[in-house]
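First chain written, first letter: the chains are A, B and C, and each begins at residue 1.
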Amino acid sequence: MNFISIQNIDSLDKWVKQALKIKKNPLKNKKLGKNKTLVMLFFNASLRTRLSTQKAALNLGMNVMVMNFGSEGWTLEYEDGAIMNQGASEHIKEAAAVVSQYADIIAIRAFAGLVDKEKDNAEMVISGFLKHATVPIVNMESATGHPMQSLADAITMAEHKTEHRPKVVLTWAPHPRALPQAVPNSFVEMMQKQTEMDFVITHPKGYELNPEITKDSKIEYDQNKAFENADFIYAKNWSNYKEYGQITNSDPNWTVTADKMKLTNNAKFMHCLPVRRNVIVTDEVIDSENSIVIEQANNRTYSAQLVLQTILENVK
Amino acid sequence: MNFISIQNIDSLDKWVKQALKIKKNPLKNKKLGKNKTLVMLFFNASLRTRLSTQKAALNLGMNVMVMNFGSEGWTLEYEDGAIMNQGASEHIKEAAAVVSQYADIIAIRAFAGLVDKEKDNAEMVISGFLKHATVPIVNMESATGHPMQSLADAITMAEHKTEHRPKVVLTWAPHPRALPQAVPNSFVEMMQKQTEMDFVITHPKGYELNPEITKDSKIEYDQNKAFENADFIYAKNWSNYKEYGQITNSDPNWTVTADKMKLTNNAKFMHCLPVRRNVIVTDEVIDSENSIVIEQANNRTYSAQLVLQTILENVK
Amino acid sequence: MNFISIQNIDSLDKWVKQALKIKKNPLKNKKLGKNKTLVMLFFNASLRTRLSTQKAALNLGMNVMVMNFGSEGWTLEYEDGAIMNQGASEHIKEAAAVVSQYADIIAIRAFAGLVDKEKDNAEMVISGFLKHATVPIVNMESATGHPMQSLADAITMAEHKTEHRPKVVLTWAPHPRALPQAVPNSFVEMMQKQTEMDFVITHPKGYELNPEITKDSKIEYDQNKAFENADFIYAKNWSNYKEYGQITNSDPNWTVTADKMKLTNNAKFMHCLPVRRNVIVTDEVIDSENSIVIEQANNRTYSAQLVLQTILENVK
């Protein structure tokens, strides 16, 4: 069993309930991971994912080996049949097969390059590991998805859910650097599995996410209108998907402000972090009582722990 | 309870005695840290602190997660109200609150930048964590202090103390690079808590440390005179505090030599390491039987272990 | 007891048998390393060695502290008597003595610089640690040797040995970058300890390894002739030893191809990895059933575990 995408979750409702159980007693399964090893491979920077996934593994009694692949290992080649007389020292075929022998589970972070859409959509790194590894693979944010984040988001919403059917809004917001679509992609996929929530995506025209992911999810280009009566505002920047990896809009009117939050039904404010204050969201909003971003980050531990626990139970 | 400064030590005498007890039986409290997690965040290079603090935590049975914040995480913003459209990706507010959720104790190393005195004195990084973290913070060398080093120094001196009231000399020595004042600052503060030792600081005129720290500690500008009848010579370079972060003196006459050691009362030679041989101190002195620098480094483990143990006992 | 070279193995046959026992039940000695600490110091990149040595230590119940010395610590000085007013911050004398106090075993990786033959042959880094450390030292690939690799190679060959007396061929192959001789050196030394195998080295004229290592091992300059009736083909590039560290040959005719493998006695293909596909060896060969490179990497764990276990048993 791998955990690569929100699609690997059979029942979101069941998973969220299990995660909340784990949160109440995180050390209950301390013996499950005994003498099992998690190898975490980072091709990119990481704070929350690095620490929460490690913490989750330790809660399960696992051994953890962390490696920054870029700086500590060898440059990888991903092309089949490549004549390797250039920069890359090792082929993904060997790397994945070899690491599998030291690991019971391999977790991988490898961001989108945002230069070549086709390459990013092909998920070169994580697909390579999936193909050539012989142990379960966990996605710690790949080019197109960050499912452990979205699972944590679902857990957080379940903890704060309203009595009525909640309205959840994913809103684009400006950012000085070009960011991947991984987080919004997985959030959209997760929301599509929510049976008791209404979901709206709002972003400037032209900033549509991959339509194969958004499918028939509702898009509202008027941010104010989208915010009306919302119960959860999930802010996130992403770079342009059509004009791939470009920043074609940096309109500060899309920043989430206290005035905009007033349009909502006293909505909770969410963001996956790290967040650019006063660019994505004003201090007033993120510092308000309605901001649940820190609890969201806390739930990363239980999201990761559920994923690892589910895999360990499957390989037993 | 935090451990940020020598001022967090209520009774130096009591702490030194406890550390010496720990040293005799370092695994005695192996259960105290069970299922507790130490997160170590490095904003700068580290050898002794990195390994001895980890070792101390392992002796207490803790889990340890080590992170080089600069290269593995995100650039932090420290200014309240900043519009984060420049280099920094994450605000200390979120970083500190988030890491607190994965840690029972956070230990931090963040050196002085030596460019902006006010900023360094404000202890931007460690103050930010103190303000926004929700778990105890341990100082692994901040801009202005290195209290776990000075505690190890106190332990080492207690092990080698003479029958008579010892004379301890902190002597400046030359160095090719501009170094922070953190180590001498904490050493001075620790010495001010020593009731049964005499203390003299010696350095070239103009190299005075922050007078708010040295207070009425004795300063003797004549190194030879300072060395007379000394029982401990503690050598350390620091850059100019008045002409902040500058090297205004590199006089090789301040190097600790065997001839100068002859002026002392057969003094022990101490240095926090790393040390520039034949610049700070000659080979002859550091390789002599009177050099206790290696034992000093050894005591870093017990200094850290006492700090962690005291915190763990307080949070129980 | 240190493990620096193949020469530290008293009986290769006995060691290989012990390693195969460990492989069958790797957790049998889980208590041997309890409360013992392995410090792994990397002066160079590492994938297999980094993970397999850690894994081996965890199998033995040890604590592991991993440090990338270059980026996380201080630049070291190795010259006795140096006036340290240049780049290096710390002398190997202090570094080795200090790390010894936090470790029960120190494992070190420090590659050849390939600029100064004399310096590389002097094994500056590992010799410095050997001289100044006070705990056992393990070589995780030094300038001139990689004995844990060659021990893994011996284990792998023992698992695949033929009924008749096998013929083992170490063949040079081209590579775009200048590589050290550490792996072939240790492989040669290990083969010289094999009493029931025939051994041939093949490489272009001028690519002779250090004659003090190869001694009377057979050299055959005609690769095709060397391959005849071989049972094991061990491919590896190394840079020129005479014209030290230079690439004086990059002849693609030395690449191991399926046609060349046909000259052999259905030989197994071996390489220490990472390997440049279609430069060192064609895809066809390395992807064939006769390729045992992944099992070779797997045996790195048991090779390391035997080394650590032997040391732990000696220090008890």
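As a working rule, a contact is a pair of C-beta atoms (placed from the backbone, for glycine too) under 8 Å apart; a residue touches a chain by one contact, two chains touch by 3 or more.
The chain lineup, named per UniProt: A, B, C = N-succinylornithine carbamoyltransferase.
None of the values given here were measured: they were computed from a predicted structure.
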### Task
Counting only chain pairs that touch, give me the topology of the graph as line, ring, star, complete or other.
complete
### Query
Over half of the interface residue numbers used by both chain B and chain C, so same, or under half, so different?
different
### Task
Mind checking the rotation angle between the two copies, chain A and chain B? C-alpha superposition, nearest 5 degrees is fine.
120
### Message
What's the distance between the Cα centroids of chain B and chain C, rounded to whole Å?
### Response
39
### Query
Got the chain C residues that touch at least 2 other chains?
71
### Task
Within their complex, state which residues of chain B touch chain C.
27, 30, 42, 45-48, 50-52, 54-55, 58, 68, 71, 176, 273-279, 283, 287, 293-294, 297-298, 301
### Footprint of chain A on chain B - complex, ascending
35, 37, 39, 63, 65, 67, 71-74, 77, 80-86, 89-91, 93-95, 97-99, 101-103
